Each structure stands twice: as structure tokens, then as C-alpha cells.
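When the chains are written out, they are named A, B and C in that same order, and each has its own residue count from 1.
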Amino acid sequence: MKDMTDIGTGPLLRVEGLAKYYGARVGCEGVSFDLYPGEVMGIVGESGSGKTTLLNCLAGHLAPDAGQVLFDRAGQLVDTVTMSEPERRMLSRTDWAFVHQHAHEGLRMNVSAGGNVGERLMGLGARHYGKIREQAVDWLGRVEIAEDRVDDRPTAFSGGMRQRLQIARNLVTGPRLVFMDEPTGGLDVSVQARLLDLLRGLVREMGLSAIIVTHDLAVVRLLADRLMVMKSGQVVETGLTDQVLDDPQHEYTQLLVSSVLQV
Amino acid sequence: MKQEQGGTMISVQDVSKTFTLHNQGAAVIPVMEGASLQVAAGECVALVGASGAGKSTLMRMIYGNYLSASGRIMVGEVDVASAEPREILRLRREVLGYVSQFLRVVPRVATLDVVAEPLLAVGVTAEEARARAADLLGRLNIPERLWGLSPTTFSGGEQQRVNIARGFARQYPAMLLDEPTASLDAANREQVMQLIEEAKARGAAIIGIFHDVEARDRVCDRAVDVTGFTPAKVA
Amino acid sequence: MNAEQISGEYNFAYLDEQTKRMIRRALLKGLAIPGYQVPFASREMPMPYGWGTGGVQISAAILVPEDRFKVIDQGADDTTNAVSIRRFFEKVAQVETTEKTAEATVIQTRHRIPERDLHEGQVLVYQVPIPEPLRFLEPSEVETRKMHALEEYGLMHVKLYEDIARHGEIATSYAYPVKVEGRYVMDPSPIPKFDNPKLEMAGIQLFGAGREQRIYAIPPHTQVVSLDFEDYPFQRMKAPKCCDLCGAGESYLDEVITDDAGGRMYVCSDTDFCRERREAGHVGALGVAEDAA
């Protein structure tokens, strides 16, 4: 029996005092948290609250102005902010994954589905076409894309399929931490549900940790174990997802929760 | 953790709760004060009191769904009132089950998988988990033709039974039951009674809210009136 | 206007000495880091981009009066592009020109490597339209530079993967990517992949992209490996025919349509190679024996 959040093990990710400024404006400030293996954390807040800035700082897409983003490598926490760029880039195509809101930002639209999934494998040195294709087909199956679509380009896919393809492309190398930026944004409600179910299954089966940025409280209710609420670049409340949504403490969270239809 | 018959499994010690309504002039509303109760392994305790007295609130606090303002809520060795989210998550996965009145699931997931999920979460094989889920759904008279469908399309009574099946899928050492027999017919009510009795027999500590007096008298060893925990000011 | 008059108005080989020095520095850097694309300040040349301005600037920077210069386009010495570049240097550098591969010291080429092996001391100058092999899939120059710097070359195989997925084989038949000395992935310019194995040679190879302002180089006897998959290894490719003029079976062939009735013939794309063979008495299916006299 696997125990994905063994209390005895250390955090997978430790963030300390992270800050990003855009001139005099605060992108995000004073963000600290631990994320343990197997945990899914949601970051919610309205547009401009700094949640996407924070995600980009965590994932190494933006250089923070202060703070540390420590990631577990073989039991040692290593600061990914100060590590060399090659190391960080290596991390982001092995142990990390990033699922963009818009699939076209995370996919190569002029490359077949198989090539999209295979790229990370080839990036890690896979040089056997047959095996790469086999793995690609396997992963397309896991995200419910039929094998006969393996040679089609994402331009021929629906929005939901593109998003699933993006997930397959990211997860094929077995990352440990997935960053997701509004993964269900812009999808039909029924397509969202399918994607959520898929993500839940993958998170559980692979023991993934994930950080999901969204403004959709229904999405975090179903996907996230923990929640971080942001306003004006600051974290105003954290806690268990259902606790934060059902017993919000901060004024802003109460407003946020009461502003949406029943979740 | 293997509980002994009779050992204290759930211990609520001098717990209080307030709600601060920031949207209504930051009004602070004390809703509970000095709440204490103990539940031993193999024991079932009923929470009673008038509607609005705080039965569900206390139950949610024990589950970690509501924050406590003060006091300790020990479930096994974890103090829910002060534990880190991941400790509570682990507690919920392994120790503390909760059958709420509402079924909250991802819309398109099949009923069989909804019920099997708590087992999958602790690493039980899919085959084993589904077999256990099928057994429970059968006992609770959910027709097999519905197992492949999402319960979001079911009637209220069917959803309630799916929720119960899900809650009993794992043999938790501690359980919280919020109106488990509401809106059930006699046959299904009997099945739920039996499930509770089986859980008690294997040593589960249970706290329940039952409006159904007959059911309460049958499965509960004693009752705790939460009216006693209502703060003096508002009482 | 005769040649003397024109050359009198220009520095030797057209470019001023400062520019030549700048280009030579780029060439030396390129030779020191085989396969690495060195940026250089490409000059306006008296010919349009796409007509070999990169190659012409390299030739201008390295030519000395003692050189014997040869220009080929698709292997032929007598095509418009080759003729005009040869005449350009005849005018502005007064170097001797030749069509004989063996006798040339500097050979400027577009789209071919001569059939005859080059020997030490010879320089092959390539005209390059798009120097960046990763450009096909990654439009950002910032990103491709980073990929080169960090040796992140997975993307190059994505291109080959796409070939196989779409055509059942690696259909890239020219500008076939190579890895130089185990480090930089390089576009060998649009030579047919038939020529790729010849990239490992005794001569010096210099590559110039005028519009893109890049120079790169392969020193003599440098390892050059064509990228491939274990289960789809690199394969040389040519028309499965012999030259109809000289009978050569191992040279790269051009298909020439001879009439409106579907008539066609195959001839060596390397005109010098073909001529030498015919002079040596080889005759192809449609050839006429050279007059021994």
C-alpha cells in the first residue's frame, strides 16, 4: 500500500518569502508554503491577484525579486531560483511539468500528437522511433485520445482534446510536480468534468503533486487538497480546501465564496 | 492504528467556535462554547438538540471542515483543531470517515468508481475496490444497471445511498454520520442500520446525527445534547 | 568597360580590408568551435540575397591572388549563379578560375559537395539560406540559441520523428541535420543528404548565410554525424540509375526532361566529374564516345 503523504518524509517543494515586483506594483509578496509529495494545492483569487505571477515564479518562468523556491532532489532541498539555467531547464522537462491555460502555448501546433508527446522523451535522449511512438500511443490512451489520432496535428483537435494532449505531453516523463494555469479555463462544462476526472485519476495513480491556479472554486473543490487564497499579491488565507470554502476566515475569502453560485 | 474495544477514539475537549461575518460589519457570532465529548472504540454516540443548536457544526469541526476557535479535538492521535492540512488529509484517508447529507462528485464519474474511490486513495487495487463497491451498492439496492452512470443524475434517495456506500467502503476506525437514514425506505434503512452495527462490532467509534428516533435508539449507546454547548450570550 | 577599369575602382576581391578582417575573425571563431553559428556583420553585396551573398563574402575574405577559384551551383559550373559569381571574382580579384575540382584552391558551392574528394589545402565555401537547423520548429532565435548553448537537441529529432510518422521514413532529403564533433547540431546547407557522409573531409568547409548574418565552419577531418533513430538509421539516397553520359553508378544524378513525350535522362549533377570520366573514355547509355584526339 502506497502512502503518498507520509508524515515522515520531507516536503517536495518549500517556498520561502517569495516576492515579485513590477516596478512599484506588487506582483506577489511574502509567499511561503510547503508542498508535500502527493498533495494538490489550489491557488485562487480574482484576476490580478498575483496568482499567475506566483505560479510563473514557482515554475521558473519569471525570476522572483526575493525568496527561495526549494525543490527536493534526492532528499536535498535545492534552490531553483539560484540554480544554473541549464539545471532549471532540465528540471522543467523532467521532474516538473507545466500545463498552460491555452493549449497552443503548451503544444507544438505544427507537430503531430505523437511528436508532441514524444518530444520530452527525445529531449532526454530517446532515439528509438518505435519505442517513442509506442509510449506516445500509450499516453494518448491514458488521456483518452484514440490511437488513430497519433499522427494528427493538434490543430485538428477539439479544445478538450488539446488540453488532454498537453497533459500527456507533460506527464510522459513521469514528473513529480505539475504546475497548472487555469487548466479547465475556456472549456465547456461537460469537457471540464471529463478533464477533472482524468486529472484526479492521474494525480492519484502517479502520486503527483500539483499546484493549480484557477479562479474557479468548483475546480479546486474537486481537485485540490489545500487552498491558498490570494489578493493584491498577498496570501490572505490558506487551509484545507473544504475548510476554506465552507468556513472562510478572511474577509476577502468570504466575499469570494459568497460571490459564486453554489459550489 | 488498531483501536481497542473501549479505548477513547474521539475526544472533544472544551472546544469553542465563532463565525466572523466580515460582509456584515465584521459581526462576531459565537456559536459554541465548552463543547466536550468522548467516544470510545465500538461506541456510537448521537448528537441531539434542536435544529440550529450546532450538531452539524460540531460534526464539521471534528472532520476539520470548520475551524475551531479553541480547545482540542483528538481523533486517534491527531488534534484536528491544530493539525496541518496534510495531517487532516491523512486522517480522513485512513482513520476518519464522513457520510454527509450531500453527494459531491466529479459529474461524469461512474457510480461504481465514486464508491471505490476512498479505497483507491489508500492503494487498494482497482479490482478489489470495485468488488467492495459492488457489494455495498448491491446491499443498498442500487440497481446494477445504474453502476456505470454518474450518480449526479440519480434521485435524492439514490444519491444518499451512494453516499453511504462511499462512506462505508473503507472500514474506518472512526466515523461521522450526518442523517444517514434520512429519505430512505424501510428496507434501505435496515441496511444502513446493519452497516452501522457491523462498524461498531469491528470497533469503529461513531458519532451520528439521527432525526429518526427509532434508528437512534437502535444503534446509539448514548446521546449528547449539544444545546449544552451553546454560548450563554446567545442562549 | 573592361575588367581592369572596374577592378581599379574596387579593393582586391571587392570588400574593404576592415570587412575582410571582421569576416576572417568570424571564420577563425567558427573553425575553433566547429558547427557553432558565429554572428557577423554581413555587408550589402552587388547581388540580391539568395544569390549567395554569404558565400561570396567568405570567398572575398579568404581569396588571395594566387588562388584558383571554382564556383558550382547544384554541381554545375555553367549555371547562371555559378557563372555570375565566377565572373564577379574574375573582375574584382583577377584570380585564376577553373572548372576542375582537383585544381581549385577555393570552391564556392550552392547545394552540392563535389564528387571528387577534396584534399588538404582546399577550401569549400557554402552558400547558406537558413543556417538554423532548429528554425523549422522553433521560431524564436533567443530560444534556439539557448538550445544550442545547453545542447537541448530533442527538437531536432521531433522533426525526424514527424518525417517518419508522415512518410514512413526520414523523408528529409536535403539540408539533413548533422551533429559536429559531438557537440553542435548544424544545418549543412541544402546539399542532398547523399552528400552528408562527405562532410567528413580533408578540406576546410566554411558556411556563409548573408541575409541571416551567420558564419560557421567545419575544420578538416572533423567528425560529422547525420542524426537518425536506432530503428531508422541514416541512409544515403540517390536515383537508382547510372549517368546516361558517363555511366557512373556512384555519383549524384540530376533527372533531365528531354522532350514533351516523357523522355528523360539521368546525368551527373557534378559536371566536372562527368566530363573527366568521359574524357577518360567512360560512356553512358545515351553518351557519345569522346574523340580521343
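Please note the rule applied: contacts are C-beta pairs under 8 Å (C-beta built on N, C-alpha and C of every residue); 3 or more make two chains touch, one makes a residue touch a chain.
For clarity, every value in this text was computed on a predicted model and none was experimentally measured.
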Most widely separated chain from chain A, with each centre as the mean of CA atoms: C
Geometric centre: closest chain by C-alpha means: A
Whole-Å gap between the CA centroids of chain B and chain C: 77
Gap in Å, rounded to a whole number, between the CA centres of chain B and chain A: 31
Chain centre separation (chain A, chain C; CA means) in Å: 47
Shared interface positions of chain B, touching two or more other chains: none
Chain C residues within the chain A interface of the complex: 137, 146, 150, 152, 154-155, 157-158, 161-162, 164-166, 228-232
In the complex with chain A, residue positions of chain B that touch it: 19-23, 26, 60, 64-67, 85-90, 104, 106-109, 120-124
Chain B partner contacts - residues on chain A that touch it in the complex: 1-3, 5, 7, 36, 39, 190, 193-194, 196-197, 200, 204, 221-222, 225-226, 238-240, 242-243, 246-247, 249-251, 254-255, 258
Chain C-facing residues of chain A, complex: 85-86, 89, 108, 110-112, 114-115, 118-124, 127-130, 132-133, 150-151
